[in-house]
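Next come two complexes, and both contain subunit A; in the first it sits with subunit B, in the second with subunit C.
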Partner chain A sequence: MNEFVITTKGLTKRYGDFCAVDKLDLNIPRGTICGFLGQNGAGKSTTIKMLLGMVKPSSGTGEILGLDIGDENQSVEIRKRVAYVAEDKRLYDYMTVGQIIKFTRPFFAEWNYSMEERLLDEFRLPTSRKIKSLSKGMRTQLALIVGLCRNAEIIILDEPSEGLDPVNNEKLLKVLVGLAADGKTIFFSSHHVFEVEQIAEHIIMLHNGKLLDNRPLDQLKANYKLIKLLFDDVPNLNPLELKGVKSYVQVDRSVTLFTDNNEEQIIDRLKINNPSSIEVINLNLRDIFLESLKAIENYAA
Partner chain B sequence: MFTKPNHQSGIPIYVQIKEQIIHVIEKGVIKPGEQLPSVRTMAEQLVINPNTVMKIYRELEVEGIIEVKHGSGAFVKTKHSGKSKAALVKQGTVVVQKTVQNLLNKGLSVDEIRRIVQAELQNQGEILINL
Partner chain C sequence: MLLEKYWLETKYRFFIGVLFITALCMFFVLMQPWILEQWALEEKLDPTLYNPPWLLIARTDFTYFIWHFLHNNLLQLTWAILTVMLALGGVQHESENGSALFTLSLPVSRKKIFMNRVWVGFLEASVLALLPVVVIPFLSWCIGLEYNVITGLSHSLLFIVGGTVFYAIGVLINSLIKGETISFFLAVSLVFVFYFLFQPYSDGMHKPFLVKMIDLPGFIAGTSEANTVSDPGIAGGLSCMAISGLLIYLSYFITLKRDF
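Moving on to the complex of A and B:
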């Protein structure tokens, strides 16, 4: 049940002085939908490319399905067993939609014909249209069809919803939860936090190549809170000394803390200062992400 | 029958969906012996993670509301009115915990809350006696 299908240890990629991915430790359990969040340039795509043997790690190791990502032969096996839809959705432009699907099928023994039919129908892709003349959204849809019909046990998607309108985006998310119900593991990067929040159960956040957070969505939401305190007089506090306080903002008599776990003890401790009001605010994933980034930017020493 | 959860509400998704299911069962929309949608159907319809649906079904099973038959699906239990006392107490505890926390957050003190609860219990007690 708790078997990890993707793991990395100290995975690092340096380009000269620039560290794109910095000592990344990941563990992704089988059968989960895992959302990979980070700003542009956080290192998401580089990480994915290292997992798939397309970029050579500078140091560190990684395994997919127990296969070593750094070993040429095992990496070939990884690519057989992992479906990947790249960020740039590169496809043969001179083919039609129908041709590329027909061309791709025989490479994969497990090709899922009913999925192909369903996706073509849902996305309403014209099979006779040349790929060259597809819109950006349609290209994305076609790349997804070619990737998802492979029936691979692990599916890695780099920005899969790019260019999709809300209707087609919802269709994609439905397909993904259906695949997860079949026991597939889905690892997808996105900067659309809302879609990640909608379907992912495990969240990995990356910032400047470093792991910012890595835990189940339920836990993130249960752990991270804003605690807002009001005082009659301007209090003299040093909240960062309290365990669990990630950042705080004080404006005169009002203090807002961003906390990770330990909220009860924090509140107990602050009661010594006689606040006139204490409010604990739940956060959605977007705010957790933004507050975490803010906290690390403020206090990164 | 079921509506998509509100991801921004602060109430966990599984709680929202679980309450919808309990409501539908209590209202007899899905009757004892009848089957709940499969995990897959539920996940696709509500566009939520299938493991969330599984977690809900597992909890409903523990609470004695449904029965999960492996391979064939989840069914509403015939005697769902006979929900165990333990489950009721557990549910009640959660409700009270939330309410108390909420009132504390709003600035009421423990003593103030205790007085409100005591007064209300007394009130209910008198109503019961007068019946």
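Moving on to the complex of A and C:
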């Protein structure tokens, strides 16, 4: 049985009339790497901030490791057991790399010294250098060091690879996989869908503050398909009537359907219209994400 | 840890304060004989020159001279400005610098973050207020004059008790406004408004009741000897502390409710 380490029920954040996060229900299983996808302004960072007590929810509830995210005292306990690397990787400019590591360590009883040494070595960060003189990539590396070495049960990362070069990005992904292998739960948002697909086991998609999808990556890939049909004559179809069809595009005799589940029944039903060819295309996460967004926009239109 | 962080954030402001206060004290103590000479010279050149009452006392009473120029004037104003400068910073301004989320990700309550910041600033302001207790008597001794340490200490305590209101105003403005520069100018402008409003009464002019009620600079200055209990009064001190406490609590409440 899966134990959920992060759960939310109807979690909502409103800024005046604008709803940044709308009745979000999440369940994140322990020990998984969970990718959090969404466009800019989808509500990913706001959700993460609500989970960590930095933003107060307008309504709804949430728990991390059984602790109430809305309670100030329990929120402190949450932050003892959850590591967080923010989207904004700026730290205290007036400190050196060594000083900020020294400053952060005492807050976390389980500080991972060997990982600190390893990451400092891998990222080649000079401990005596002032943070204000670090490049964007180096700041990201430092933010990751002071986040990941907390040896927390859950690691929440908001755009962790921002500013990293491909070599260091690869190193980061390896570290995350290693941490997950040690039983840590990793919840990370990213614009780089390929890197999410590379390591994530569970995907949550958000659009305009609303939950778009929330399931294991394998299931997502098994369910979402693109079905391309070619007809001898221009067909008169209304595929949206079919269960599982999320969106479709018809160009003359060619019809492309974006489907979620029910693929076989959809094909059987469309065979009545005698298509000259049927092609079922498996999708990667990027395509699933983009097609899902398109489907939502088409539906809204 | 947090105390050290806030000390690192404010230490340059604090040292600037040490420099300014020491320089002011040095100027008025070491230059006192020269200033007296200048007054005498001016009087010699123009015997009809009007001498205000304070000048007549300042000529003969060194304690009064120091009080008039420092505790009731420039030192107080400088200290008040430094106090609001020391009140600036904290997690509100970290959100402007981009490091607020890192601070808030630490397993520390917002109350602790806020209070640590307030205490560091307050302690620094208090040290700046106590600095003249050492500097003035020492420099006076250097030029063969005497200044009572207890009088200096009493003035410093008045600075701390009364000046806490300025500090609390600084903390409140800082909590309300995100930009550090705007907060600074607003807080300093408020200090100037206070001193501008009460300037006409600084030479011992009779103060109307309403002015007395809100005459914070007057309370901080006390009397030249600073040895009375009734004037500025314990009630005044308690009122200052109550107002400061209220403003600090309001600032804390704003910080607690704020989204970052």
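In the analysis below, the second predicted complex is superposed on the first by the 299 of 301 C-alpha atoms of A that agree within 3 Å, B and C clash if a C-alpha of one lies under 4 Å from a C-alpha of the other, contacts with A are read in each partner's own complex, and residues count from 1 in each chain.
Criterion: a residue touches a chain if its C-beta (ideal position, glycine included) is under 8 Å from a C-beta of that chain, and two chains touch if they have at least 3 such contacts.
Remember, it's a predicted structure, so these values are computed and weren't measured experimentally.
> Does the subunit A-based superposition show subunit B and subunit C clashing or fitting?
Overlaying the two complexes on subunit A (C-alpha atoms) leaves subunit C and subunit B fitting together cleanly.
> After the superposition, just quote the angle formed at subunit A by subunit B and subunit C, using C-alpha centres and rounding to the nearest 10°.
Given the fit on chain A C-alpha atoms, the answer is 150 degrees.
> For A:90, select first, second, both or neither according to whether it touches subunit B, subunit C, the two together, or no partner.
The answer is second: A:90 touches subunit C but not subunit B.
> Contacts for A:52 in the overlay, against subunit B (first) and subunit C (second): which applies, first, second, both or neither?
A:52: touches subunit C, not subunit B.
> Please work out whether A:284 is in contact with subunit B alone, subunit C alone, both, or neither, and reply first, second, both or neither.
In the superposed model, A:284 contacts subunit B only, not subunit C.
> So, does A:103 touch the first partner subunit B, the second partner subunit C, both, or neither?
The second partner, subunit C, only.
> Quick one: is A:113 in contact with subunit B, with subunit C, with both, or with neither? Answer first, second, both or neither.
The answer is neither, since A:113 touches no partner chain.
> After lining up the shared chain so the two structures overlap, which partner does A:79 touch, if you call subunit B first and subunit C second: first, second, both or neither?
Touch partner of A:79: subunit C, not subunit B.
> Using the superposition on chain A described above, determine whether A:299 touches subunit B (first), subunit C (second), both, or neither.
neither
> Shortest C-alpha to C-alpha distance from subunit B to subunit C once the two structures are superposed, in angstrom?
26
> What does subunit A use to touch subunit B in their complex?
Interface residues on subunit A, with respect to subunit B: 31-33, 170, 173-174, 177-178, 180-182, 194, 197-201, 218, 221, 276-280, 282-285.
> Quick check on the complex: what are the subunit C residues that touch subunit A?
So the residues of subunit C in touch with subunit A come to 1, 4-5, 8-9, 97-99, 101-102, 104-111, 256-257, 259-260.
> So in the complex, the part of subunit A that touches subunit C is made up of which residues?
It comes out as residues 49, 52-56, 72-73, 76-77, 79-80, 83-84, 86-95, 103-104, 106-108, 143, 146-147.
> Along subunit B, where are the residues that touch subunit A in the complex?
7-8, 10, 12, 14, 39-40, 43-44, 47-52, 101, 104-107
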